[in-house]
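Next come two complexes, and both contain subunit A; in the first it sits with subunit B, in the second with subunit C.
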Partner chain A sequence: MNATVIAFLVLYYVVVLGIGFWAMRQGASEDLEGFLLGGRDVGPLVTALTLQSTSMSGYMFLGAGSLAYTTGYWSLWFAAGDIGGGVLNLSVIGRRMRKLSQVMGSLTAIEYLEGRYPSSATRLIAASLSVFLLAFYVLAQFIAGGKGMALVTGLDYSWALLIALSIIIIYTFLGGYLAVAYTDFFQSLVMIVGVVWILAAALAHVGGFTAANHALAAIDPTILSIWGRGLGFEGQWGVVAGAVLVFSAGYMGWPHVVTRHMAMRRPATARLAGAYATGWNLLFVSSPYLVGILAILILPSLDDPELALIEVARTLLPPAATGIVMAAIMAAIMSTADSLLLQTGSIASRDLYERFINPKASERQMVLVSRLLILAIGVIGYFVALVEPPAVAFVVIFATSVLGSAFAPAFVCAVWWKKANTPGAIASMVAGAVTSVAWELAGLATATTLAPVTAGLAASTLAIVVVSLATQNMSPVPKHILGAMEETARVGPIPEEMPAMFDFTLRPEAEEIESMIREGKK
Partner chain B sequence: MFGLPLSTFLLVFGFPLFWILYTIGFLLLSRSWERDGEER
Partner chain C sequence: MTQEIVAIRGGVTSTEALQVFRSVCGGGTPFVRRRLYYPYFWFRLRYRARTLLGETALQVSCLVDARTRVASTSDRFALERVEAGDGDVVEPRLAEDEARGIAERYVAYVVKNRTKALVAPDRDVVDRELIRKPFWIVECVKRPDRSILVDGVTGRFHPLSLEREALPS
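So, the complex of A and B:
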């Protein structure tokens, strides 16, 4: 255990917890909109960096390095899509989703889907899928946190996991979204410093980029190929498309990420946030993959490729710098885990508990339910991560593939296609989730050379188009939603009377009155 | 270039260039969004 490394880690945790306390003192968790969306008052820089640091998880430091170490330059296909994921998301759905969510009064991504595709089935399916997948995704962050901390501090994995997990849960409890957004902002800066530092040290150690590539070619020229080491993916464009899509187009279907659009200060915040996101990604995204490739030269016989980046840092950097790199790794893990936990808690409290169990729940009760679920996930996650920890890269790519497949077409069509209706959206979510899961479990990716996310996105897109068109007469999009979509498309302030049309507290009564009128007409 | 095959060079440097151009195009085409103004 190195005292300097520990000192830097402790300093990092103190700063993060300090920001969490500060956010709490700002009154972020006084009401539900404050707790879940930071009062819809988040500016472009914080929006961009919370968006990016949330999506760049422990996968970037463990999974990406491992993928690069084992497959070589092929792994850069994931970075190719990932670099543009933020700006694509913000440019395609950012402004419109911010506006439509305000018109509909939605506080969670799932509530937003139900508002646009009105049916309790929409919310039940979307909420159940999200809670399961986000909890699965957060498991990867716990494992990454435990592994990283155990290696650097020398603590036993079970203790390292417990410490990492406890810190994540404590500061997620503190101030809700605002605490998460501002700690994400700080953590994104730590991540940049950490990853650029390792890359610079690795490049200096191997004599520069060109010299490294010549050395890699001398070991095995296929490391340099776009088809993977040993040309294992040669001609498999479906798998390549999956690698590019999962962190770009698929990214528009991640509920914990698109919630960032709903919390923006203004719809136009998406513009500058998009530019900041690209700038941050250009510095950050490719670096872990490149370090993973360089690790082939620096540490040619690693037992666990997932630790490639951490081992490179430990080998090449002085203890103080290793401490900063380790803080960056924990930042990547924690900035994703807190958002996943907050989102899972929000969906469980607002979309399941209030909607289906206790419609009269007070805001205080819902915040309590949200926090209890976060605690439960932490406890269950701890034991799963302790007993049978799966590979971080597998969990992250699987969970994000299913999330993207299930939700991306529904979120995109929600603001862009007026004919997208409730049966179409439900069919799309089910088709995307079932196809991508079945593809993975049945091992169809190898047989068909199509990645699960490619097949899942194709199925969900086809389903929303075909089913929406086939059911237009039976289930037309309600007029007030068409009006809201037109308003969303228009650039200009939202008319004051518009949000009242979507009052969720009045919906059951309104539906009852409507059905009485219908029955009266008969 | 940099000891890489052309296809790999394009993968490593071409995609970032594409996304830079996409971002510039987005900023130019979305200038009117500022009219959305403060809504609260």
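So, the complex of A and C:
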């Protein structure tokens, strides 16, 4: 156990809790009214980095490095999808989803789906899938935390896992303070410093990219191939498509990611935040993969490839820097895990418990349900992670594949296709989820050269098209939804010379006043 | 006929609204068509909750658009009583009780998500009122397709689609 590493890790926790405690004191004096909760933004930079810290998880430090260590440059297909995913989502569904959710009065992604595809079955299926898969995703954060903690502290994995898991759960229960935007911002800074530090040290150690590539080619030239080490995926475009799609289209299935579109404010702010986020992604997303590839040279005989990044840090960096890297890993894990746990608890309590089990549930009862569910996820997660821990990369890719397969076509068609109806959406969610899970469990990816997400997306897209067309007479899209979609598709005549600096939030008033003027009323 | 209304104090004058138009639309001859007072139900909600870090309390202002039902949290603002012509005052289409329900639901969602709170806070309405916000409608001579709506409080704007009834078919 290295005292310096532990000291820096503890210092990190002290700073995070200190920010929270400071904000709590400010909040208690009620001076912060309308600040973080009000109409004022914390700015595009803080907004962008806050969102990124939430979406970047322990996968980036353990899963990405492991994929790169085992498959070489092929792993960058995943990074490519991840880097472009945010812009793709914003471009395809961003503006229209924001408008449609506003017209329908939806606050959450599941409410939105039920509003667009009216049926309690829509909510039941969407909420159940989300709860199960988000909980599964959190499992990856527990495992990542446990492994990282064990390596750095020297503790036995079972104890390290218990400590990491306890920190995550307590951190989640500690929430409710006003500084979340700033703790997430601080965490994102720690993450970027940590990962770039390792990359810089690794590059310096191997003599730069050119020297590294020559050395890698000497070990095995296929490490440099786009088809994977040993050309394991040669010609398998279905698998390559899956690698790109999983973190691009797959993100469309994440409730907390698509909810961001609904909360988007001014286009100019969103665009600036998008630019910051893309810049951050270019630096952050590709770095763990590159370190994983360089680890083949630095640590050629690693027992556990998931520890590639941490081992490289321990080997090349001074203890204080390793402490910062470890803090970065815990930052990535905690900022994602608490968001996902709260999201899971919220969906379970509001969309399942209140809606289908106890419609008269009080706010306190729903909070209790959320807390019990989070504790249950912690307990079950501990034993699964202890007895037979799956690979972090597998858990993350699997959960994202299933969520994307189940929801992406439903979200896209919700704003782009007027014939997409309730039976079509339900069939799409079921077909996408079942196909991607079956594909994974049956090991069909190798036999068919199609990744689960590729097959799942194909199945769910086909299902929504075929079933919607077949059931148009039986289940037409309600007129108020068609009206809302037409309203959503309408783009006002914005003169070319008028820069996109207008305030999106004024759109409801603008449209209301337009209609009053048209009707000749006041 | 005029009536007395409670409005958010707007610092943006008609001259400044014209400047907003010029700054974003360039050429053309803008003119202010009218000033409208648009209705909102304003609620100040207080939340108190015990967390593991101690008791937290905060007040949140929420505006509910009294015509479209859209809710949003807001910064502090000053109110004033003004005399306005009947033709310039937009009437609400929403009842106050319904607006309160929308505000409570929306603010609960915002508080929970922005603070990552896993608590059931005590909540009460500290203040409420039907208020109005001034807006300027600025048009361009012979170019109604270049009209904008200027927020009389913040100076922010949004384009208006007035071409259908204003332009010759």
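Criterion: the second predicted complex is superposed on the first by the 423 of 522 C-alpha atoms of A that agree within 3 Å, B and C clash if a C-alpha of one lies under 4 Å from a C-alpha of the other, contacts with A are read in each partner's own complex, and residues count from 1 in each chain.
Everything below uses one rule, namely that a residue touches a chain if its C-beta (ideal position, glycine included) is under 8 Å from a C-beta of that chain, and two chains touch if they have at least 3 such contacts.
Fair warning: this is a prediction, and the values are worked out from it, not measured in the lab.
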{"item": "Contacts of A:123 with subunit B and subunit C, given as first, second, both or neither", "value": "neither"}
{"item": "Partner chain in contact with A:229 - subunit B first, subunit C second, else both or neither", "value": "neither"}
{"item": "Partner contacting more residues of subunit A (subunit B vs subunit C)", "value": "C"}
{"item": "Contacts of A:147 with subunit B and subunit C, given as first, second, both or neither", "value": "neither"}
{"item": "Partner chain(s) touched by A:96 [first = subunit B, second = subunit C, both, neither]", "value": "neither"}
{"item": "Which of subunit B and subunit C A:363 touches, first, second, both or neither", "value": "second"}
{"item": "Touching partner for A:84 - first (subunit B), second (subunit C), both, neither", "value": "first"}
{"item": "Subunit B versus subunit C as contact partner of A:105, first or second or both or neither", "value": "second"}
{"item": "Touched partner set for A:355, first subunit B, second subunit C, both or neither", "value": "neither"}
{"item": "Residues of subunit A at both interfaces, subunit B in one complex, subunit C in the other", "value": "40, 102, 492-494"}
{"item": "Residues of subunit A defined as touching subunit B within the complex", "value": "40, 73, 76-77, 79-81, 83-84, 87-88, 91, 95, 99, 102, 209-214, 217, 224-226, 266-268, 270-271, 274-275, 278, 281-282, 286, 491-494"}
{"item": "Contact footprint of subunit A on subunit B as seen in their complex", "value": "2-5, 7-8, 11-12, 15-16, 18-20, 22-23, 26-27, 30, 32-40"}
{"item": "Contact footprint of subunit C on subunit A as seen in their complex", "value": "17, 20-21, 24, 27-28, 30, 32-34, 36-40, 102, 105, 107-108, 170, 172-178, 180-181, 338-339, 342, 345-346, 362-364, 366-367, 370-371, 374, 492-495, 497-499, 501-514, 516-518, 522"}
{"item": "Interface residues, subunit C side, partner subunit A - complex", "value": "24-26, 36, 38, 49, 51-61, 65, 67-70, 72-76, 86-90, 102, 105-112, 114-120, 135, 137, 145-146, 148-149, 151, 154, 156-165"}
